[in-house]
Each structure stands twice: as structure tokens, then as C-alpha cells.
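Every chain is named by a letter (A, B and C) in the order it is written, and numbering of its residues begins at 1.
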Amino acid sequence: MSDTILSVNNLVKRYGDETAVDDVSFEVTNGEFFSFLGPSGCGKTTTLRMIAGFEEPTSGTIEMNGRDLTGVGPHERDVSMVFQNFALFPNKSVGENVGFGLKMEGVPKAERSERVAEYLELVDMPGFEDRDPTNLSGGQQQRVALARALITEPAVLLLDEPLSSLDLKLRKNMRFELKRIQEELNTTFVYVTHDQDEALSMSDRIMLLNDGHREQIGVPADLYSHPASQFSADFIGDTNFFDCRVAGSNGNSVDVELQEVSFTLSGVTDTIDAVDGETAVVSLRPEHISLVSDSSREGLQGQVKQVTFYGNATRLLVTVDGKEILVEIGGGRGTEADIGEQEEVTLQMNPEYAELLEA
Amino acid sequence: MRLSISALLGKIEMSRGTAGRLQKGAAAAVLLFLYLPIAIVVLLSFTPEQSPTFPIPGLSLRWYEALIEDQAFLNAIVFSSKLAVVSALGSGFIGLLAAFGLVRGDFGDTWLTEDLLRILFSLPIIIPFIITGIGGLVFFNFVGIYGDFSSLVVGHIMITLPFTSLVIASGLDGLDESLEEAARNLGATQLRSYVEVTIPMITPSIIAALLFAFILSFNNFIQTFFWLSFTDQTLPVLIYGLVTRTYDPTLNAVGTVLIVLSLLITVTAERISSRILT
Amino acid sequence: MADKDVVEAGKTWFWSLFKGRSVWFIPDVRLLPAILWTVVVLGGSILTMVLYSFMTDPLAGDFSITFASYRRFIGSDLYQSVMIDSVVIAAKTTVATVLIGYPLAYYIAVRSNHQNVLLLVIIAPIWINEVIRTFAWMLILNVNGVINYVLVDLIGVFGDPLRLMNTENAVVIGLVHPLLPYMIVPIVASMLRIDFSEVEAAKNLGATKLQAFYEVTLPQTKSGIAAGMTFVFVLSSGAYLAPVLLGGTGNNMIANFIGLMFSEGQNWNFGAVLAVVYSTLIVALFVVVSVFMDVEFGGATEMEADE
């Protein structure tokens, strides 16, 4: 595929007895915004650093544009990296920082200044050439780091949790900025983060890593709606897990008996190859459970244990047969939001959105 | 036993003000004690009298003039300086390499851990002077360089190496390795990244290390005393010889000069080092 | 063939300086010069000295093995008592520095707003030449010196000048002065680690200032005191200048005798024996005291080693 710019095959990294990256393979398409998502210690930064050339793989290959990068030093790879702590050179000005990569390429001074100015414009920091990078705010340093990495027009831009040291509001703004720049330049971005909101909102595709393994890979909507495992379902967004037994299948859907709450959920369409009688786990997100305060209706009867108001939504923890179920209802207005603790309620689950997962 | 001391202490009540004054007073007294000898030497360097008695009848620079005219002193100052500069440079270079090895080395599974190496490098300071001094004497004699200038340099490098290596190492420690990685990522070779990023950032540490090494070498008495041949003398050894014979008031003058020099170098080195830490 | 290989090897070695490749069991080649220097020079010095303690007359070239000097030492009351006196002086110095240094350390760590400046002020004298500093004490303690000037001439407390020079106490003073910083700095460091809200809690529970200090603050500075005592004891045990200049011939310490053996005495063999025996004594004392303190105060020295 001529469109594949980065190809990672069976990548393994071991440190003594510990395996940080365990047989990870994936391909990144040219112009894509591709994210590595996972909890700390899952191997995402290690993988990124191997692509950059700062760590050598124990086994496996990394290919860029068809060329095997094994043994190629970091300074010879056509990748640029934006570091988590920005890593701006304190002994150089902003302009010298941004122009550094060009200086290494041997670009003459005049042309360098032009391009530095051009890229500072791109990141919305015109005129900052002579400033001292240590005097800039976090957000400003972030942009300078970005300009410095992009100016060499790399084949792939690597970003190692670049927004994690910024405060929340700034982070949300920078997400738009990064996405905008990526689309404008059509550069391939490989982005590492532990923040699922970031990954979901910015990426074309996400690779979920867990403990060194590739857990799942796909577009954000797929990862959210069709998690492949309990880890995926739980890491991205919130969900309720129910132990269950497959009761019967009819055509495209199956019926499952939910053990803890003695309830049979019929018509679950999203299934793994379920076998009758098999134990499995059902994942159902809080927003797909509806709730009425009338306990005479059909559904699961339970009692509200806790109500938490989130501004644009309300979450209720409802106890059903001793099991705690998380329910989300939208908005702050309407009778549903006026439900208080200790109230008796009825829950109705939407089988269309339930996921059947391996136990 | 413990309880009764506590009980005793409990009987003593002190107001906050008294406690504060006691602490301040004690502190001031000790500080005075520390600087009294230094003050005396400086004061007496200006006496016009031959003997170091108080009160001082007036102020005079005659001993400073005598110092400038004394050939023996001048020779010793030159010799000490030469030795100190050479030793500082040698020690600085070896210490620089060692610092990189300590901080950037990949220690993996060897028995020679970084901590062990740091202890090894600090040994010359911990082991008593008399051992290193006399041990050096017999060792240089055994090797055949006893009395040579080179033996002095070798010995002074050994004495100052703990300082240079550990000072530069601490400067390097504070340096974020991701800066070097960023440089290499942008196309700089390992060597180039050292030149563009690392060395400029540890230059203050290097300078501080060199200053410390210089002053340590210049001031050294006990080891140098045993290593010198009969032809040349360092300043401290010359001073010692004079002190053990008769009283010479020029000693106060040279002492004051040394005091000022040392304090200047120390403050400068500290200022530079602390600028790294901030 | 040979030239090209040599050049290649040279280049590889040169570049390895930057890569930091490992050589033999040394993790990083850049450590090599420093390791060599320390091991060869320092190790060589100690080794030669130990060897010479067993050789008849190394200065004259006679390297035959003998234990005669060790036997001589064992039979010698003079040298043994000098060693014991030296240890006593070192012990006195150590105790004095603790008593004098602790209050200042407390002030700096707890009460002062200018800690860095004060620490610099305390450390600065270390860099002043030791001969000059000891000489200064000669001026102060002399019959015509400052102390007598103040006490006799100015205030008139004493009629006759005090004879402070050439006494053991003069030597101790001459040692305490330069070694104070070595005691103060570790104590300050250990004090800075204390959370003083614990002291306030103690006072809240009824303790007086002194009790709170004794029960809460003091125990937590034990590791600092231990470190300081180590430095001061080891350094003062090998003192040379203070005993000679301030103590006079009656108060020479072992370092002076050892030095004598190697200069005028011309007896390298016996001098080496004295050096070896004394060093072993100091190390043994140090180890015993460390173990004792570890047991007593539950790993204070271990805490300090972790730092």
C-alpha cells in the first residue's frame, strides 16, 4: 500500500525481565492523525521513542516509506518529536529554537529566518523570534515546540503527551489548534496520550494499548461503540459490566441472562461468536439505560443510592439486587433530574447498545 | 533515664522572647568564633609594629610592600599558581569525562554501580591526609617520580578529582536529557548535540569545578609538604616554614591576600553553581 | 595494514567517548581515567605503605620482609600512648564541635530567613589556607595575643597573662575551628527535613519548648550529628598542623610522629607501621561506633546512607 507511511511489525522491547512492548504491530496512513491511547506503563511512550530512534527494539521492525529504520540514528530519521516537557533549548532564543532543525540541515541564515517567521505565524506566535523561551507560558512554549518540530517538514510528527502539563481550558483550546494545524499541513501525526477525551476528539484512528499489547485499533466511534474487550469498554468512557450466560440465539441477536440481577436481556445484536450456555460479560453504557421514578413499570427495580450533578448531565448510582448500576440522564431540566436519593426507580436497558464481551 | 531528662526539661519555662534571644546569641557567638582568626590576621597585616601586639598604633602598608619585594614569596606564589592551574585543568578534564560516565552511563547489571563509583571517587577526601600524603610519597618514590613536578600534578589531580567530578556531575544531573534528544531528533549528531546544547548548559558547573580545584590545589599543605623536592616550594609550605621559625609580620600580609583570594573564588564559584540550580 | 587499523581503532575509541560504550567491567569508557587515577594513585599509595610496613629499609632499597617494626610498636609505650592521646584529642574535638555547632545549625535551619547566605558564610573559611588559619590561632592564644590583650589589658579580669599555647586545649581549639563547618552542614541538612508541625503538636499536647526540642527535634537530627561526627573524628585524628603549631612538642599527635619518620627520622619502615596501625585503629573505632549507633538509634546511619 503506497499510502502507508509508517509500518510497525511485531515490535518487542524488553528491559531485563520486564517486557514493555509485547509484539505490537500497526500501520499508519499518510496524512492521518493516529493516536496511541492507554494507561501509564502500557508501552505507548516506549513505542513512540523506538519510532524516534531513542530506544532500540529488542526485536521487530519499523519501516517508514518502505525503508527499514533498524540501526538508523535519530538524527537521520525523517521524524520530528514534540516532547512532553517541550524541551526548548534554554540557551537559545525562540527563533534559534525553531530554526534549529534547519540549521542542522545546513539551510542558510536568510532562508532560515523566513521559514522561522512562517512557522511562528502558523502556530499563532508571530514576532516571538527574539524572546527567551524560559519566559514563556506553558501554552506558548507548546506552540514553539510545535513550530520547531514542523519546520523540517518531517514525514511523521510524533507527539508525546504534549498537552498533559497544560491546564484544562488551555488543553481544550490546544486540541483544536493541533487538529487545525494537522489538517492544514496534512502531516501525519502520531500522538501519545492517556486522556481518552483527547484521543477521541482528535484522532482519525486510535490504537489502544494495555500492558504492552495492542488491545484494539480503529476509528474513535468504533472503539466507543464496539469495544473488543472489557479493558477497552472500561478505559474509554464509562460502562456497566454484567456477568451473564448466553441463553439462546435467534438470527442476528442473542438473549443473555444477567446473573447478578436475574434479568434476561433479549435482542443483543453486538455479539462475539456466542455459544449457548457460555458465560460472558455484557457492557452497557450509562447513557443507554433509561430511568423512571415509577416503580410499577417493567424493567429492573432498584433504589437510588447517589445522585451526582455534572452540569450537562446527571449521573445516578442505582442499587439493584445489591449490584450498583451507573445511569446517566441528560440535562438539568425535566422531571428525571429531580430524582433524589433513596427513591425507588425502574431501569430500562437498551439491548441495541449492549456489547457482549469475553469474560 | 529518658523520662527523667524530659521531666527535668519540663521544669524550665522560657518565654518565646528569651528562647529567641538565646538562639540568636548562641548563633552570633559561634559565627564570631569562626571569623575571629580571619579578622585578626587581616587587622594585624596593617600594623606598623614588628610584633603582633594589640592595640594597633596606626595603619601601615609596610608589610605588603615587604611582601612584594620578597623574592622567596614571589617564587612560591608563581610555583603554586603554575601547579594549581595545571592540576585544575587536568582534574577538570578527567572530572568532566567521569561526570558524563556517571550521569549518562548505562549501568545495567554490573557490580560497579553508580553509587559505588561515587564513593570511590570521594575516597581521596575521606581518607586522612596523612595517609594520602605519606602514601603518595612512598608511591612516587617507588615509581620513580618522587620530587618531580609531574608527581605533584598527579597527586593534586587525585586530591581535586572528587570535587571536579562530583560538581560537574551534579550540574549534568540537573540537565534534562530530553534537550539532547530534541537536538538529535532535529538532525544533530551526538557530538553536535553536546556542542550545541549540553556543554553550554554545564559551562557554569565546569567553571565552578575548575575554581574549586584551583583553590584546593593552591591551598594544599599537608600532602604537598611530603611530596616536594628541595628546589621548589609552594606558598603554603613556605608559610609553614616561616611560621615554625620566627615570627615574621609579612605573614599577616600574605595571609590577608590569601584570605581575600580564597573568599573571592569561593563566592564566585558558589554564585555560578547556584545559578545552575535555579 | 597496520597504520589503517590503528587509525580506525583510534577513531572508534574517540567516538566511544561520546557514545559511552562499556569497556571490560567498567560500564562507561569515560569513567576510565578517573577510575584509573583513583585506583592507581590512591590504591598504589596505600598498598605501597602497607608493603613498606613489612620491609626492613625500603628507603635504602632493602625490601626484605620483617615484622620487627610491628613488634617494636607493640613493645613501645611511647608510641602507643601517643596514639591513644591522638584519639582522645580527636574525640574531644568531635564532642566540642557538636556542642558548639548544634546551636548555630539550629538557628540556621529553623530561625533564619537567609539560610543560603549563612551556609555560604560558614563554608567559606574552609577554602582559606589551613596554615594561615592555624597561624591566626597562634596570634590569638599567644601570651601577647588577642585573648590576653582583652582579658588582662582591657578588662583586667586576670592579672597575669594566661598561658594558652602549647596545651592540649589549644590543639583542640585549633581543630574545632576549621572542622565546625563539617559538623554544622550535615546537622542543618537533617534539620531541614523535619516537619515542624510535629513540634507544634507536641507543644499543643503540653510540652515546654525544651521538652519539645528534646523529644521531637533532637532525635530526628541524629543522622546529621552522626555524619558530622564521622567527618570531624576522621579528619581530626590525622591532624598535623594544629598539634605542631599550637600544641608544642609535648602535644604532638601521631601524624607528626609519622611525618617525622619519613623526613628527619629516615625510618620509612616504622613510619609505615605507625600509619597502618593508626589507620586501622580509626577505621575500627568508626565501624564499632557506627554499629553501636545503628543499634541504639535504629538505623540512623542507614537513613543517612540512603540520602
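Of note:
Definition applied: a residue touches a chain if its C-beta (ideal position, glycine included) is under 8 Å from a C-beta of that chain, and two chains touch if they have at least 3 such contacts.
Since the model is a prediction, treat every value here as computed from it, not as a measurement.
Think of the whole protein's Cα atoms as having one middle point; the chain whose own Cα middle lies nearest to it is B. The busiest chain interface, judged by C-beta pairs in contact, is B-C.
Ranked by how far their CA centres sit from the centre of chain B, the chains are topped by A.
Centroids built from CA atoms put chain B at 55 Å from chain A.
Chain C has its Cα centroid 15 Å from the Cα centroid of chain B. The mean-CA centres of chain A and chain C are about 58 angstrom from one another, to the nearest whole unit. Touching of two or more other chains is recorded for no residue of chain B. For chain C, the set of residues that touch two or more other chains is empty. By the touch criterion stated above, chain B contacts chain C in their complex at residues 5-6, 9-10, 12-14, 19-20, 23-24, 26-27, 30-31, 33-38, 40-41, 44, 51-55, 94-95, 97-98, 100-102, 104-108, 110-112, 117, 120-121, 123-124, 126-132, 134-139, 142-143, 154-155, 157-158, 161, 165, 190-191, 194, 215-216, 219, 221-222, 225-226, 235-236, 239-240, 243-244, 251, 254-255, 258-259, 262-263, 265-267, 270, 274.
For chain C in complex with chain B, the touching residues are 17-20, 22, 25-35, 37-39, 41-42, 44-46, 48-49, 52, 58, 100-101, 103-104, 106-108, 110-112, 116, 120-125, 127-133, 135-140, 142, 144-146, 149, 153, 177, 180, 207-211, 214-215, 234-235, 237-238, 240-241, 244-245, 255, 258-259, 262-263, 268, 271-272, 275, 279, 282. Per the touch definition, chain B reaches chain A in the complex via residues 109, 176, 178-179, 181-189, 192, 196-197, 200-201.
Interface residues of chain A, counted against chain B in their complex, comprise 16, 52-54, 73-75, 79-81, 83-85, 87-91, 100-101, 104-105, 148-149, 152.
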